[in-house]
Amino acid sequence: MKDVQSAFDPRGIDLQKVGVKDVHVPLLIQQRDGGTQQVLGCVRLAVDLPRHYKGTHMSRFLEVLMRWSTEGLSSRRLRVVLEELRDKLQAERAEIQVSFKYFLPKRAPVSGSLSVLDYDCEFAGFLEGGHFDFRLGVELPVTSVCPCSREISAYGAHNQRAVIRVRCRFRPGQYLWIEDLIALVEQQGSEEVYPLLKREDEKYVTEHAFDNPKFVEDILRDVVAALRREPRVVWFEAECESYESIHNHSTFAYHVEQKGENLRPTK
Amino acid sequence: MKDVQSAFDPRGIDLQKVGVKDVHVPLLIQQRDGGTQQVLGCVRLAVDLPRHYKGTHMSRFLEVLMRWSTEGLSSRRLRVVLEELRDKLQAERAEIQVSFKYFLPKRAPVSGSLSVLDYDCEFAGFLEGGHFDFRLGVELPVTSVCPCSREISAYGAHNQRAVIRVRCRFRPGQYLWIEDLIALVEQQGSEEVYPLLKREDEKYVTEHAFDNPKFVEDILRDVVAALRREPRVVWFEAECESYESIHNHSTFAYHVEQKGENLRPTK
Amino acid sequence: MKDVQSAFDPRGIDLQKVGVKDVHVPLLIQQRDGGTQQVLGCVRLAVDLPRHYKGTHMSRFLEVLMRWSTEGLSSRRLRVVLEELRDKLQAERAEIQVSFKYFLPKRAPVSGSLSVLDYDCEFAGFLEGGHFDFRLGVELPVTSVCPCSREISAYGAHNQRAVIRVRCRFRPGQYLWIEDLIALVEQQGSEEVYPLLKREDEKYVTEHAFDNPKFVEDILRDVVAALRREPRVVWFEAECESYESIHNHSTFAYHVEQKGENLRPTK
Amino acid sequence: MKDVQSAFDPRGIDLQKVGVKDVHVPLLIQQRDGGTQQVLGCVRLAVDLPRHYKGTHMSRFLEVLMRWSTEGLSSRRLRVVLEELRDKLQAERAEIQVSFKYFLPKRAPVSGSLSVLDYDCEFAGFLEGGHFDFRLGVELPVTSVCPCSREISAYGAHNQRAVIRVRCRFRPGQYLWIEDLIALVEQQGSEEVYPLLKREDEKYVTEHAFDNPKFVEDILRDVVAALRREPRVVWFEAECESYESIHNHSTFAYHVEQKGENLRPTK
């Protein structure tokens, strides 16, 4: 059968990325404690397409993905997947993005009641020549209490669910586990969020949040400060979005930084 | 050219609904004040398909919709659209669902600052024989303040954005305008939501919300009570969903009622 | 601490459903082969709220759910969960809805290449008095080839991805496994959908689909016929939606049926 | 009342963006023919926040937006909005993103039947110092017919709906109207998409699409070639995503280019 994809393409145009996306597959993620966690992954895979080929061989992305879906994924393993993709597709660059909900146990602050909270996470890997770049992302819910509302009102203060989104890159040979990055970020809201709270916990989180009012700007600055202090992180972008309880829209703050460089925001 | 749709179908199966959905089109909605409001409509149209036809003629749904898209839509007009659909498609039943964001001016409670708030609305019409059934739906945001959190905490109370969803049917020959239904429902939260609030307004809505703590159950019961009191409404279903600021999930309450009958919840 | 939820409510309004939704949690689903499959569940839990109580105790839903999340779920197990919910919340009715992506191995039709395909599934359980009602839902992708386009064109025919959605209830003491229901429904499109296809497979699925052109009406009628023939099914609703490749909207067909009764469509 | 936002912030952290998002508002868009089209806008507004301020004044974003919502928006008008935002919020940079569905009349290719098709569009403006940067985006549906499937099969070929997404920037003082950019991009699929097609049109689009088979790589290369030829465009990014009818995932191709520079892909 004719290999249409390998035909010569006369347009002379190199394409930076060709591949598949929205592939759903169960994956195993390396946990900090040495075990693995099975997750529902949503995957995007791509390589570059040199000008002389009409198309890439899309089925090979699936072949590679299916084989790796039973191995515990970490940044190191992503590199191996990308090397295999690049070789099988005769490309110069290869990349992968994997989004998934990751669960961690969460103890209520007073009763100690145990439940599991879902965190939206993302692994992204980029391979070009001998260079491999890894980016870790987490998105997590917090409570935000408005300092202005608290200050100007005789009592009460509007508050709401907010999310913090962080992506970061690491110093060569170093990295943070998902668990580490979540722990660093999660405490920057007015209060953390829990699936299961008994009455004594609800009293605690209400009062603790009110003792700790923060604008989205405050939350983001505390995230920025924490990421600047973490020596393993060399690049990050961070956003806090608050689903305002008094409006039908969100407020947000965003920042991106390569440590030691003055980056222009790109988002 | 052969009319494949009109071919005889040997399976002997009547289908209750065949049609098109996710059609986006600008539409005009009749306002209470006599004018019309242009909206972005998302439309679903369907008719029944008798057993002897292989298929329906889908392009006719679009022809009818395009012609009516320049007329102001109301429940009365929907009936005419459905009569035309039923006739052009040689069906016995026809139905339409139109979802759209509807905007109403909103004055901040103290400063009087003016802005416009978006309400998710739905018109649904069903025609069968000589009987026409119309259903109006609105979904709107409110603030909810937790009574338990307020009661047990030394200060503060968790609060959040919540939405109220109501659908209703009316006594023959009667109806509520979108504006009427929104006014009836919107006041049942702990506080209303505004796009634009100045500082004096923010103080007001914070304090007013705290004076008015309500569970989703409280909000829904007040909605139910208001709809029971409204004589033009003969059937309704109502839901309140609260995007809890202390959790990563929602709480909700739901009720459906045909006045004078004991309905089983179906949702 | 005061139990605000248990306070007397003066409004005299029974609410049909109060509970939690959009709770994400890893769950185990019973497979037909005797094993279990871990899935990412999105859960809704509810009970009724008698008129004399101000509110329900939302944290108990999470307590029950967390405990059951490590057991393999089946219709039988759902009943036990609901009995526990009803008792812990002093309610008369309890219900659960669980949505999840379920994966099954899929062999390419010629090469036999193996991959896994994702199916959107739903378990729903309703308990009232001594009566337990279970509903199984699946949503799966197929290819649809337009018979009209094929007939009237000199060559080719437009085709596209379509989805079939089925929910069914079973005769007392009987049920279909997810695997059974998928097998019954999946073959009703013009062709099945596969994650991984080699060139020889692509030739096969293209030709097989063209030998088998079907409108959404045809696909749905074949689904209806298959569900009528299956004696374990006593009630079903089914929809086929086709993401038309020549339009920017969908076509669809829908039917609901209680075997032996003339149902009015409700969706 | 105390102005909490203007309080001194001790952390010494400049934030690149603070603002509001998911604001829904009706807007007027300048058409090429001199008129305006009312659309449903979803808006994001942001400014930078210097280190010495605790927060920005979020209500001012809404004040500015409400005032401009009754004026026809074009790139020139966006600049005025941003100048006003920057001044009112005492910032150095300001930006706006507006997403909306834009409708254009579409005549069926043979019958000439008229309908309107929805295009997802985006205006983005960035103001810094005296420099104003404008970016126009469109996302539109096309049909894609697989060349490999057509070549290797005895008859037929799988095809499906695909979308092309393009964003571009222009030479100083120049621009393309939305209508111009859509016309340039829309013809690059295997065939265009129409809301309303009669039987003779369906025959035409089926045959024309089959005469014109294209991989996502082919469609994207033709888009790239067309954008390279258009002298007013100086920067663009383009993506084609195909909702494969034989799979449950998408294939895609992506490219970004500053004319005359070798850009690294960032998406």
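In this document, chain identifiers A, B, C and D correspond to the written order of the chains, with residue numbering beginning at 1 in each.
Please note the rule applied: a residue touches a chain if its C-beta (ideal position, glycine included) is under 8 Å from a C-beta of that chain, and two chains touch if they have at least 3 such contacts.
These figures come from a predicted structure and were not determined experimentally.
In a homomeric contact, the two copies may use the same or different surfaces; for subunit C and subunit D, over half of the interface residue numbers are shared, pointing to the same surface.
With centres taken as mean Cα positions, subunit D sits 30 Å from subunit B.
Centre-to-centre separation between subunit C and subunit D, using Cα means, comes to 35 Å.
Per-chain Cα centroids separate subunit A from subunit D by 25 Å.
Under the contact definition stated at the top, the residues of subunit D that touch 2 or more other chains are 1, 23-24, 118, 148, 152, 195, 197, 199, 203, 248-249.
Taken as a contact graph, with one node per protein chain and an edge wherever two chains touch, the assembly is complete, since every chain touches every other chain. Listed in rising order, the residues of subunit D touching subunit C in the complex are 117-118, 141, 143-146, 148-149, 152-161, 191, 193-195, 197, 199, 202-203, 205-207, 209-210, 243-249.
Listing the residues of subunit C that touch subunit A in their complex gives 1, 3, 23-26, 38-40, 59, 62-63, 66, 69, 101, 103, 113-116, 118, 195-200, 203.
Within the complex formed with subunit A, the residues of subunit D that make contact are 1-2, 4-5, 9, 11, 13, 15-24, 46, 49, 54-56, 58, 147-148, 151-152, 215-218, 220-222, 224-225, 241, 248-256, 265-267.
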